[in-house]
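Common to both upcoming complexes is chain A, partnered first by chain B, then by chain C.
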Partner chain A sequence: MSKQREEAQAVMKRHMGLKASARISNTVIHIVLVLMAIIWLVPFVCIVLQSFRTETNPDGTRVTWMVPYIVPKKWGLDNYVNLFKSDFKDWYLNTFIIALVVAAVQTFIVLCMSYTLSRFRFKLRKGLMQFMLILGMFPGMLTMIILYRVLKDLGLTEAHAVPGLILVYVASSGMGYYVSKGFFDTIPKTLDEAARVDGASRAQVLFKIILPLAKPIVIYTVLTAFMAPWGDFVFARYIAFGDSSGMNAAVGLWKWLTQDMINLRYTMFCAGGVVVAIPVAVLFMCLQKYYVEGVTGGAVKG
Partner chain B sequence: MKRYTDMEYLRLSKGRKFLYKIAAFFCAIPRGLKNFFLGIVRAVVNFFKSIGREFADIFTTFVKGDWKTKLSYFVMGFGNIARGQILRGLLFLLFEAVFIVYMIVAGAKWLSMLPSLGKVGPHEVYNPVLDQYTTEYGDNSFKILLYGVLTIFFIIAFIYTWRVNIRQNKLSEQIIKSGKPLKSGRDDLRSLVDDNFHRTLLALPLTGILIFTVMPIIFMILVAFTNYSGINDGYANNLFTWVGLDNFNTLLAWEGAGNVYSATFGEILSWTLIWAFFATFTNYFLGMFVAMMINKKGIRLKKLWRTILVLTIAIPQFISLLYVSKMFDKNGIINGLLSDLGIISQNIDFWGSTAHNALLPRVMVIVINIWIGIPYLMLIATGILMNIPADLYESAKIDGAGGWKQFSKITLPYMLFITGPYLLTSFTGNMNNFNVIYLLTGGKPINAAASSAAGSAGYTDLLITWLFKITTGEGAKYYMASVIGILVFVVVAVISLVVYNLLPSIKNEEDFQ
Partner chain C sequence: MASVKLTKVKKIYDNKVVAVHDFDLDIQDKEFVVFVGPSGCGKSTTLRMIAGLEEISEGTVEIDGVVVNDLQPKDRDIAMVFQNYALYPHMTVYDNIAFSLRLRKMPEDLIYEKVTNAAEILGITEYLMRKPRALSGGQRQRVAIGRAMVRESKVFLMDEPLSNLDAKLRNQMRAEIILLRQKMDTTFIYVTHDQTEAMTLADRIVIMKDGYIMQVGTPAECFDMPANLFVAEFIGAPKMNIIKTELLKENGKYYVTPFDTKIEVTGEKGAELARRGVESGPVLLGVRPEHITLCREGEGIPTILEVNEMMGSELHLHVYVQPKEEGEEDQGEAKEPAPVDPASCLIVRVPTIGLTADQRKNMAYGAPLNITFEGKVMHFFDPETEKNLLL
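And now, the complex of A and B:
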């Protein structure tokens, strides 16, 4: 009898111990998470604080360069005011136009491509997919050399870079069909077949049956298609460089941080960064759910 | 290597099992390569066989066909029109007309100049009216190469269409013989939204890919065999021309004039692989770890932690990376903070300036890449971890498995199995991770030994950023860039092939439907 009780007590003790250790490990994890949150937030907090920094030298000139402290000694909105007096407003508008057009056209193209590859079984389908896989292994930057020269001959670089950039972003977007094809693969084919039996054409199946079901992936595609050109640096650096009026925000702000500009433009860069980041950040946070679905789906299906 | 049966394998000790697995991995590489090359040989043989069949078919169709078919060999679409398929016939006819006109007007000229890439460069001409020398421009090598390639594409397209035209004649003859009606133009149009809907849908995307990806890649592969550069730009300064394998020799030479290039290439390639390895696996394991921490039972404010991390995805990389690179500047906030706290007396040069401290910038980019990469992996891992059946853990607990055991026996294998292909793509993606390197360090610190000849390459430069540097500025060496691009392709392709053939989780795509 007493032996049983001892055993029961031992089991109890082990449970209590487990609980205590669980509590300790949870506390540790909470501390780690708080530390991580600080590390992840510090750069963003800093950039926002710096964007309000409007100190002046004794002789009245502005302190626009980098300083080794975080909290401004004098606050103000001067940087934002100056920002919209500078070339930045052109860059911002360019970025906005590019991102909107690319989001619309690219979504259309990606959906065409992925739907077709998911639903139709035609000759050369496998070959086409393998071919695009191989194409994707070439560094995309390689194509820029010739595209830049051709676009330049067409007059679509530098000052008129906006249409050129749109063309470059949109043209090859069919290659990025993987995620949404994975999504279409999960919609049961029996739906299509039932509609086909009822006399619907292939096009009607797409527009009346599949598209209404595909809302999450449409939103995901629009979101990524909008965000990519919004923050693109590489292609824009190639095509829009050289003339301020054709640049997008990424290239323009990058130029402000180069050696000969940084001392004059550092605080304005911070303000510009905040202005550029806010719309996409808000958009992204609102549509986060769809993004997560797309990303996890894409990773699982390869 | 000795192969064990399943029973023998299970009896091995843990360490032996591990060694066996590694040995098996490497032993499988030759087999994979052999299969790959055999596959290529087989494909080539099949290709020639099918071409032979095509020729035979073209010949017999001509001999056996009626006069309409025979005439279609020369006037494309004639057979279609004569048999009442006006729309198809007119399209064929139009294509042939356009092709012939193009070849006469321009195509033949470009093709004939392709072997030399132009003969007359820009030259000074005496102008008697102005009494001075003026520059007169001659051929344009760039255009010759571009239009030459386009013309070859066009010819291939023409031959293909001609073949389709013949096949259609053969088919129509058969259909008429069997007494069925031929498809009318209206039927053809209707099929574009029905049976042939895939062609309609693919037309636009594939055209874009053909013009903006396939064509440029073919062009750039050809450029690797020329001396196209900023100086030899093919029009305004000098013409460029074919140089055979010279550029490859320069890049891969172990001694002689190309030595600087090959040494730089070797150094950058090895750093690229090291970087890709660390960038991929630090993110992978730390991201998974963070996801597990947040998902653990009893952790509060799960949503808040996730949202904070996801902020780095939401904010464009060029802002966060540029800003972070300035934070770690020698006069930046981090140094200010550290010296205020009295931790350091002298500012740390995080981004380095000489070969002396090249290690620190390299470590820094990997660490900051963790800051960028963990949120993605956290999202992916969260999604997958939730799919692991909970009863697996329950039964493991009952069997007395602790936290580490559960992780190494259930979580990790499951994750690795599911995300195998993702790991591969993220490895190759990191090899080409332009943003992180270029925006953080710009490739610095500069490698003095290499930079004199090879586009100011630095110690944190990846192949892709080096390629970028070589193609910008006055001394742009496009031919070198395209050689590097081709080699990047080869490296990525070999890694992908080897790993992909060894991955356990290659799934049949129909499984998901």
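And now, the complex of A and C:
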């Protein structure tokens, strides 16, 4: 009897020991994570703080350049007010238009493409998929020069860069089928078949059966399709130059960082950065939960 | 309500595998036809070709006289129930059933009427607002049937609808399908691998093997007069005993000699053999387990009982024929029993009602049993072609 108790105590001790060591490693991990989070957040916090800085010089002019301290001495919304009085509102609108149109069109193309590759069997289907995979391995930058040439001939650069940029972002979107095709593959084909027998066309199957079941992947596709043009600088800079009316927010804001502008616009630039970040942050906060939502339960006997 | 006609239908997959060979079948209006066969025999493929879910490689499928080869499933006016139910998981039961009607742009009040009506027939009214995942297997299958029912289509296709259900539920649903059939009064094509389902549901059974039709006929025809060895063994449970033996013709009478026992072929079978003038020769003798009777010691064929399966109203006895006792002097040392020759294993089906308590008690492993075959219900197959000699 006592032997058993001893054994039980030994087991308990071992468990307690495990617990203690687990607690230590957890603490270490959390400290590391907190440090990383701080490092990661510092630039962002700085930008937010700078954007509210509204100090004035002794002569009454605003302090708009960089200062060697982080927390503003005087707070205010002047930077934001001035921001929307400047060209920034055009750039912001342009960015919005580009991102929304691209998000809509690209999502449509990607989902149709994924459904096709997932459900239809046609000649060279495998070949097409491999071809697109290999094509996707080349950096998009390689195409910049020729794309510029094409867009220039079409008159879609500089002041008319917005449709040009939309065209470029949307053009290759069919190649981004991988994630959603993989998801569609997990939806039982008998659902398609049942719907088709029920009188649905292929398009109706996609929109009434498959997409509602693939909500997480639809949202993922929309988000990625929105994010890429929203934050794009390199290509936009290449196509949209010269005329301020064709620029997106990234290119426009960058213009304020040139040597002769930076001291006048630095705080406004920070405010611009914050304004650009807001929609994306809101989007992610709203749609986050769909990433984890499982929806296919009950479709097929499990 | 429509006839379905398949003419020389063939299915060849991309990898050159032929799943269905020259399938010819005329299905009458309002007929209940069951495709039955082991897995991989092409029965589901044939059904899916009728539904339009599988391309038809060769031949034609007609529904009501119209060739539908190139029609999309939605244009064929068919309804189908799938083995795994295939309910739309994001819709309620009501929406699942209403889906096809909404696609047809039917007014909402009419849809309501039809859906509630179907739900009432199937006893799922209280689940109408639930999602499929909150239903049990049997309830899901009812919803799937309801979804097909409301379409009031020409042909009703069912692809192994009961094979995902447990045995008890399967029997219950089978009976419900028979009732449903009375109410629906339309053409049914039903696919199953379960011969019991085929026998109980069908007007006509189509038995398939490796893409070929083995026999088409009413359940009684297939049971009483199997066209070949495959059908004989497939239809009926437990399966028919097949014994390699000789058919003897003596003085106009026919005898079989299984296990060195001479049994006269009597009744219609005997007369039919005579009418056809069948000669003596090797034959595959088919005897159903229920056509083997027990007899007293010293009579018939002596066998040893191996397994006794108690089915309630009847016993399924697995016996093997006692091997000829040769070299008796060895028996003392060689206790190890010789392996049983599979060809000498038989299954006997005995109704329990005719047995005394003593008899039942004695039917244990190793018990000797004497059996004999009913002379008037034997089946004869050609050992080469495996075809029924009387067909």
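Heads up, the rule we're going with is that the second predicted complex is superposed on the first by the 257 of 302 C-alpha atoms of A that agree within 3 Å, B and C clash if a C-alpha of one lies under 4 Å from a C-alpha of the other, contacts with A are read in each partner's own complex, and residues count from 1 in each chain.
To be clear about the criterion, a contact is a pair of C-beta atoms (placed from the backbone, for glycine too) under 8 Å apart; a residue touches a chain by one contact, two chains touch by 3 or more.
All of these numbers come straight from a predicted model, not from anything done at the bench.
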First, second, both or neither for A:Leu93, with chain B first and chain C second: neither
First, second, both or neither for A:Val280, with chain B first and chain C second: first
Contacts of A:Thr186 with chain B and chain C, given as first, second, both or neither: first
Contacts of A:Gln288 with chain B and chain C, given as first, second, both or neither: first
Which of chain B and chain C A:Val234 touches, first, second, both or neither: first
Touched chain A residues, chain B compared with chain C: B
Chain B versus chain C as contact partner of A:Ser201, first or second or both or neither: both
First, second, both or neither for A:Cys46, with chain B first and chain C second: first
First, second, both or neither for A:Pro212, with chain B first and chain C second: second
Residues of chain A contacting chain B in one complex and chain C in the other: 188, 201, 295-301
Chain B contact footprint on chain A (complex, rising order): 22, 26, 29-30, 32-33, 36-37, 39-41, 43-44, 46-47, 66-70, 109-110, 112-113, 115-116, 120, 122, 132, 134-135, 137-147, 149-150, 167-168, 170-175, 182, 185-186, 188-189, 201-203, 206, 227, 230-231, 233-234, 238, 250, 253-254, 257, 266, 269-270, 273, 276-277, 280-281, 284-285, 288, 291-292, 295-302
Complex contacts: residues of chain A adjacent to chain C: 121, 188, 190-191, 193-201, 204, 208-209, 212-213, 295-301
Residues on chain B engaged by chain A in the complex (per definition of touch): 142, 146, 193-195, 197-198, 200-202, 204-206, 208-209, 211-214, 216-217, 219-220, 223, 290, 293-294, 296, 298-300, 304-305, 307-320, 322-324, 326-327, 329, 331-333, 335-337, 339-340, 371, 376, 379-380, 382-384, 418-422, 425, 428, 432, 434-435, 438-439, 463-464, 467-468, 471-472, 478, 481-482, 485, 488-489, 492-493, 496, 505, 507, 509, 512-513
Touching residues on chain C, where the partner in the complex is chain A: 14, 51-53, 72-74, 78-80, 82, 84-90, 99-100, 103-104, 131-135, 137, 140, 147, 151, 157, 164
